[in-house]
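Some structures to go through are shown next.
In what follows, chain A forms one complex with chain B and a second complex with chain C.
Moving on to the complex of A and B:
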């Protein structure tokens, strides 16, 4: 494994070179919080942050994306026929993504890149992006990545892991894509043997700071219908206002809507983020709604992430422990608490309550 | 800047089609059958389907709706869909005319389990306008090349009134055949010449459906209230839940298991369904 040492004095110059070859996004401060945006020439990512308020999912999966264009003008020879919208899949890079958010893309990939169908927009945008992770030396109090399949120095889904060692960065090239980006930046100084040791000790320190944990080991043993009928959903959903904030912030929420938008005699068919928190998400044309109450909708969100996903892909949970939904929920619903309730649920113990 | 072309097959791109014929099916004029012809030769072969699958009808500028395929794979040169006028897209579609251009995307979903049904007795139970993929199935099973693959075929089909039955000419033609047992019924007949059954589907099922055995499968499609009262009848006749086959509907957008709204538990109605056995449904939340 190649580790490159980047002197902080070479930082700005390298970023400038990266921008000649890649459309570069990074975290920048916007009022009170950080968010990812495409960096202009000369603009540097601000790595002095805990995590961004919104997840970086929109870099690969924009909130609104045009798929097709069409003409409604009958004089047009191709009227009413969908045409591919122009797309730009030239190389992109995101610098400063947290390891949890990078590993979230791998969870979402299972949905969009399947043996039967591939979402060409998500797949091509993902493949054209190089992910340069900023390891977390100081996790937040709401971070529970280490028990959610990720971690502050986790390398899954990253092309490069960047560790801040004070006077310099150590860049661990994880993939060929990562190697190429480091070459482009002109960061070529091979770090000495102490670098890996230093990264390892920073990692241990960071992991030790994470005090928030979830248990997920029993989820796949639970019966779906029993968890679905569990009495605690009433309590969990009671305060929810179905605002959908959790789904918009979440790096692993991928649900979307398809809409036609017309302007005069032409229009576009687009994909837009949608949310399982909204009644319109599932309502039938007849007015019947299979998820007609907020209890249904809250239960769907947690069951999807913590049970259906686990069963469907025979994997871990559809959550990387970034903690955004916990920090931003206006009524303090906490996925860690729900996860533990689900993981430890025993329908027999609740039998008296059901009566 | 390099403009990337989409190399992988784009599952969101509809095949362009022309409306070739529109038939008003029911006396309330809320159900019309649309016959589509593919604009590009070759697209018909790509749209190779089985009875029980559905497609997204794409009305350019309005949106898409998931509709069961009413034509049979044995019918060539066109595809047919019967659409109830309900929402934005279906209402607009009802105002379109022969010759108009739109799109269809599919085929989508699984189908009725034709491998399992081969060599078996098939009992089809349908109600109201949920008879479209059942029509596809009957036409397909009655095709001379296919009929010998099945034993007895019973069809119980009901609507509110004679004028609300779909495909009335075909129903009459099937009544005259001796290789399919038709049990057509209406809730109430306003027609003095009505010569078939009167009564709700569950009651007619109780009277006419064959007793269950290992070689007999029931396919049931209809409004929730019909299914609710027919299921106990099938239980009484001894049908095992793995011998009761149902086709579900849910709100859908993508039709390929990605957009996230039509799931019942871990199964997507659009991709893992819409056809499930009752045994499968018993293990999932009933969110349909």
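Moving on to the complex of A and C:
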């Protein structure tokens, strides 16, 4: 595996070259927090951040995306015919994505890119993107990535792992895509043998700083119906206000809604993020809502992430431990607490299950 | 405010033991600094999980809507005003409630604190008027009055307006404070400046509706933005739709908003959504001498007519 040493004085020049070949996004400081945005020429990503407030999922999967356009003008020979909307799948790169967020794309991929069905918008956007991860030297107190299948130096889903070693960056090329980007940037100095050791020690240091852990080992063994009927859901869901914060900020939540919007004689068919927290998500044409209470909806979110997904794909939970839903929930519903309640749930002792 | 909790627990335990309420709604300690979680207690043996400090900014009146039990509810000034509004609007019956009044000295604005430090805030504790903030490699003492939520700094109803039990003696209300400085600044802008100001204000909105859902006033069975037959508002990130949501949400609160700040506190992207409702509150005060939720026996100005109502807008 190739490790490149990037002198910090060569940083801006390399980024400039990347921008000639890729549409580059990176974290920038907005008023009070960091968020990903497309960087203008001369604009540098700000890697001095804990994590961004919103996840970078919108780079591949925008909150609103037009799929088709159509005309309603009957004088138009093509009226009422759906036509593909213009798309730009030229190469994109994300510089500074955290390893947890990059691995989240792999969890989402299981849904959008299957042997039988492929979401063409998600798949093409994902495939056209190169992910340059900023390894996390200082995880937050709400990060539980190491027990959620990821980690501060996790390489899954990344094309390059960038480790900040003080005076320089070490860039570990993980895929061919990553190799190509490093070449484009002109970062070519092969690091000496100490680099891998340095990365390994930074990794150990960062992992030791993770103070939040979840237990997920029993989720697969639990009976779905027993978890579904567990008495703790009333306690867990009480404070929920059923806003969409947790799902919209989550890097692994993928649900969307399809809408047609007309304006005058033309219209578009678009997909918009949706949220299982909203009553409208499940309401039927009859007016009946199978998830009519917030208890139903809160339970659905946790059961999907921590039970249904676990059972269906048999490769862990649908969560990478980024902690955004914990940090941003207006009422402090904490997935770590719920995960542990589910993992340790014993229906025979259910009288004691509510903490 | 730390000393309040013993008395709150004592009252809650008594109400539950005597069977006067089936549940007490209050706060339990959060898992993050500066966060407590709304919760309920049904068994008097569990009252020890209740907490009270300067991180109880969520409005508990929001948890009363349409409940059928007999409820004991912990209410600071603004919660009590929303309870009054709920009673006026027939969302809950007075005789279903035992209100445990808690005079309030303001809630901490956690965004203001996290914005001060580059590193993560790991621990926040308070003693009297001093708040100590700790993180990796730093510790700083702040004056509580400097880090209050904006609505708390401008609050003149710290004491509950309606209560059955009082946890601690009433506190002195703030006097001679400038409550609408922000609004006067916006009022002085030209229409173009105002437009731009509000565009910038709501630009980060992700339409999660946390502001609406944290608000006790927003109890419509189907909100206008969720109406699908017919659909009134688009679902995308279209700026007209986002504007429509924010403007209409604010107007639905006209004459009803108690400025509890729950909307602003809940917003995950830090939009100062009170800038909309505060203007309407100011207008209600200027035009009708009205503050929502203060008088339990008077109808709000927008659902009554009085011959003296201002009518200058009719040309």
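Brief remarks follow.
Criterion: the second predicted complex is superposed on the first by the 350 of 355 C-alpha atoms of A that agree within 3 Å, B and C clash if a C-alpha of one lies under 4 Å from a C-alpha of the other, contacts with A are read in each partner's own complex, and residues count from 1 in each chain.
We take it that a contact is a pair of C-beta atoms (placed from the backbone, for glycine too) under 8 Å apart; a residue touches a chain by one contact, two chains touch by 3 or more.
Model, not experiment: these values are computed from the prediction.
Partner contacting the larger number of chain A residues, of chain B and chain C: B. Of the two partner chains, chain C is the only one that A:331 touches; chain B does not reach it. Once the two complexes are overlaid on the shared chain, A:111 sits against chain B while remaining clear of chain C.
In the overlay built on the shared chain, the residue A:186 is in contact with neither chain B nor chain C. Of the two partner chains, chain B and chain C are each touched by A:257. In the superposed model, A:347 makes contact with neither chain B nor chain C.
When the two complexes are superposed on chain A, the residues of chain A that touch both chain B and chain C are 257, 259, 283.
Partner chain C is touched in their complex by these residues of chain A: 30-33, 48, 50, 53-54, 63-64, 138, 140-142, 235, 238-239, 241-245, 248-249, 257, 259, 261, 270, 272, 275, 278-280, 283, 326-328, 330-334, 336-337. Chain C contributes residues 30-32, 35-40, 58, 62-63, 111, 114-115, 118-120, 122, 136, 204, 206-210, 212-214, 222, 226, 228, 234-238, 265-270 to its touches with chain A in the complex.
If you check the complex, the residues on chain B that touch chain A are 1-14, 16, 39, 58, 60-64, 84, 86-87, 90, 100-103, 224, 249-251, 253-254, 256-263, 265-266, 271, 283-288. Per the touch definition, chain A reaches chain B in the complex via residues 67-68, 70, 72, 79-82, 84, 86-90, 111-112, 114, 116-120, 123-124, 128, 224-225, 228, 254-260, 262, 267, 269, 274, 276, 281-286, 288, 290-291, 296, 300, 303-304, 307-309, 311-312.
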